[in-house]
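There are two complexes below, and they share chain A, which is joined by chain B in the first and by chain C in the second.
Then we have the complex of A and B:
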């Protein structure tokens, strides 16, 4: 098992290298002058060249990549062109916010998705099943920024129960464990949880139906297990796949939260990306994408390892 | 005569899930004495598995209609409540399946499955249950038993898996073991080992065994009595020797004749008799075998023949059983 984990970890190194190359390339292939946002329109050619040299944009691409990667490994992602602050600090603070929001959304999605999925799988073709299927289809297909706006209108504007935007009182973007801060997470997290909820519900329903159709369930009953006893076996059989799907959903939420973070002005990586793109802030853009991609790679690694530990049928060779 | 351990009376099972009701079992009468081994034989689809499963009430209850009586060890099985049923399954009667790989939970070790079954029925600590599991593995002659308890079903060979399944079925010392083709999925040499093991365990535990097989040779080897099923009825039942030497039902005769020279080779499956069994969703009013029977007469097609006792313990359902002895000669 340990050897397997070790090998899996080693395999991720080339993947990470590839990912960073793609990050770098994506940002540099896109057209446009990276300095346009910081230089005044009437800046002299002299000033422009100085700035280029300062940010390293005058070097060749391989040189720029090597330098950037070397610094990135040491935790230095450069300075933001727009704000002049260290990219690493900005990205890590934003990533913490995004991670917290995505994790809460995934937990909500997982709990309710499993609930719907188990009920639907156990009572297939009953009205409960049809209702659960309908909800999961809606969950997957409703545009979530629209849902976010509806929730804001109902629960913030009309009822005034929950704050509409930001991550804390007075636009603070640092985290404290109190109701003020938690209440800011509620609406965006619910909005974000809808898609994983639908996907997990569908997965679990199919899993449960497939498990219940297997002969070993009859074998369990033949041993005198009651419904509760059989349920425990169903859960253990479904767990590896359900948890893997949950992990992947968390990964998608980390990367795909731009719209929701924009709707709720949530100071996360999506919000940061949005700003970086509009301001053509190359170091910030690169750094953010890189951090997100690394999260995704590490998450996949964790999912693989956990699944292998939970499911004895997977070869550990 | 001692009180029978198992008594099936006019058992019928009809599946109602499909477009037309399927009459899988149509009035089965069968008794097993304590310690007796009975083999159920018959073509595919004759209702052997459904009969066996009904003894544990494993057929889907919402999609089937059941009538008649099932008594096991004094319990009226068809009237047990949910909790009574769970207490009965595994402790009074248990079952082993044709393909243990499918009948065992793939993500639990074999040891855990046995411990779970024991703790489900008896107030014992997990450590004691574990010790009993080890003892069971040794009794079914699994080598390096302690290590094998930690194995998952897919990590074992077919023969070892079936032994583990037998150990699991015997974990709570049941009085009745139901075995649905316990050796069909195994290699020929392993089949014999498992059958011999079953016979030894039967003596050791004083078990009654009702087992389904396609292998008449195996049935003769292991069973005290044999019951031949056709279209959901037992058409002939007698002690194993009588069935093989002096069968009186045309279907039994056909089954035996279709085997090469009637030789009782082990491991050989039943050959089919010309024609095919009737549609269980549309059974004829008379004898279900009439379309394939070389002795069929008009009378056979109006009412089903009742069971007739020919000699002690030899019963046959055929209007012309008096003529079959002559046809055989």
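Then we have the complex of A and C:
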């Protein structure tokens, strides 16, 4: 197993290099002079050249990539053009907010997804199963940014129960675990949880059905084990895959939170990306995407390793 | 075969009956699935509406009026109300189907063409070509799809062309992966070995055996991506990265109506409902096709 984990870690290195290359290329596929947004409109040719040298744009691409990567490894993701602050600081602050939201959404999605999935898998082709299947199709088909708007319409605009935007009262920037703050998280977290809920329900339903059809379950029943005992075996067998799916969903949510954060003005990485795109703040765009993608790669690795440890049968080549 | 030694008379003379083709079987199974058929009818209706929209909209979808901004659903002459510039919602939703469907379906079609070519080449040629192609694809796989779409489209800038390009790039890797897996499987079958032994060229084998057996499953997989593509394409317009005003597109309409959720909430929610109906219909049709073609996910 250690060999497998070792191989898996080594395999991640070229992926990470490739991901950095894609992030590096983002600035260069962008049309126009990347310096336009930093330079005043009447900048002299002299100033332009100085800035070009300062940002390293006068070197060859491989050199630029090497330099950029070397700095990134040391935690220097450059300076935001719009705010003048270090990109790494901005991204880390926003990432905390997104992680909190995505983690809550994943937990909600996992709990309800497992619930629907287990019930549907146990009572296949019953009305509960049909309802659960319907819910999971809705979960993967609904445009979540629209769902967010509908929830705001119902719970903020019509009922007035929950706040619609922001991460705290009066645009507060520091997070406290009190109702004032948590209430801001309810609607975006529920909106976000719909996708993992549908996917986890689908996965668990298939898993449970597959496990129940296996001979060892019949064996257990034949030996007189009661339903609770059989259920425990089903859970044990379904857990590694279900947990792996949950881990990956957390990664998808972190990377895909931009639309939901835009709807709810949630001050996370998605909001940051949105700002970066519209201010043409390319270092910020590049840095945010690099951090999110790297996190996703590492999460994938962690999920694979944990899954192998939980269930040695799936050790793969 | 001609080498057969058995006397010809021993072959029983069964009246030749043409067996129904593969697609006829698929169609027969698909027809028996009421949910999938219903969803397919919805999609057909949306397509017909999109094509006919310029001639059948009850009002001019571009005519704005300061006097009738944000009218509620059920207003006389404006059955679905009016938007923030006083334009008829019903007409704009109908015309919006054109761009929304186009932006959702085109990237998947393009990715299907490019992705299956790449995947079939990787799967059929194998060796280092396979390694090079598949490892490159792994890199793109390392990005969550929403993030990659937004990264590409954010870097390229707003516009329909750039949005289509980014979405296509995002959908090529998953399609290529499926194509590669299916091709590798087909390639090791006995009938491919037999064809090769009897002197068929690589091109013939790919055309007859690989394409014939692999395109179906790849196609079913591609149809399951249309729903995601619809949501992502409209999402790009919702963020201001796709279609630009004043052209009607559901995601963009949802964005410009966001400010109206306190004044005319249900009118503001309409474009999203259209995206939802379209996306769920594509998903249901794809599920129906999958079970009709008996493809394992």
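Couple of notes before you dig in:
In the analysis below, the second predicted complex is superposed on the first by the 295 of 317 C-alpha atoms of A that agree within 3 Å, B and C clash if a C-alpha of one lies under 4 Å from a C-alpha of the other, contacts with A are read in each partner's own complex, and residues count from 1 in each chain.
Definition applied: contacts are C-beta pairs under 8 Å (C-beta built on N, C-alpha and C of every residue); 3 or more make two chains touch, one makes a residue touch a chain.
None of the values given here were measured: they were computed from a predicted structure.
When the two complexes are overlaid on chain A, chain B and chain C sit side by side with no clash. Contacts of A:236 after superposition: chain B is touched, whereas chain C is not reached.
In the superposition on chain A, A:61 contacts neither chain B nor chain C.
Measuring from the middle, so to speak, at the Cα centre of chain A, the directions to chain B and chain C differ by 80 degrees in steps of 10.
Contact with chain C, but none with chain B, is seen for A:146 once the two complexes are overlaid on the shared chain. Of the two partner chains placed around the shared chain by superposition, chain C is the only one that A:14 touches, whereas chain B remains out of contact. When the shared chain is aligned, no partner comes close enough to touch A:70: not chain B, not chain C.
Contacts of A:252 after superposition: chain C is touched, whereas chain B is not reached. Once chain A of one complex is fitted onto chain A of the other, the partner contacts of A:313 are limited to chain B, with no touch recorded for chain C.
Of the two partner chains placed around the shared chain by superposition, chain C is the only one that A:274 touches, whereas chain B remains out of contact.
When chain A is checked against chain B and against chain C, the one touching more of its residues turns out to be C.
The gap separating chain B from chain C in the superposed three-chain model is 19 Å, by closest C-alpha atoms. Chain A contributes residues 14-15, 18-19, 21-23, 26-27, 29-31, 137-138, 140-147, 149-150, 152-153, 157-158, 251-252, 254-256, 258-259, 262-263, 273-274, 276-278, 282, 285, 289, 292-293, 296-297, 300 to its touches with chain C in the complex. Those residues of chain A that touch chain B in the complex are listed here as 214-216, 218-226, 229, 233, 236-237, 240, 311-313. Interface residues of chain B, counted against chain A in their complex, comprise 53, 56, 58, 82-83, 86-91, 94-95, 97, 99, 102-109, 113, 116-117, 120-121, 152, 154, 168, 172. Interface residues of chain C facing chain A in the complex, by the touch rule stated above, are 135-136, 138-140, 142-147, 150-152, 154-157, 227, 230-231, 234-235, 238-241, 251, 254, 258, 261-262, 265-266, 268-269, 271-273, 275-276, 279-280, 282-284, 287.
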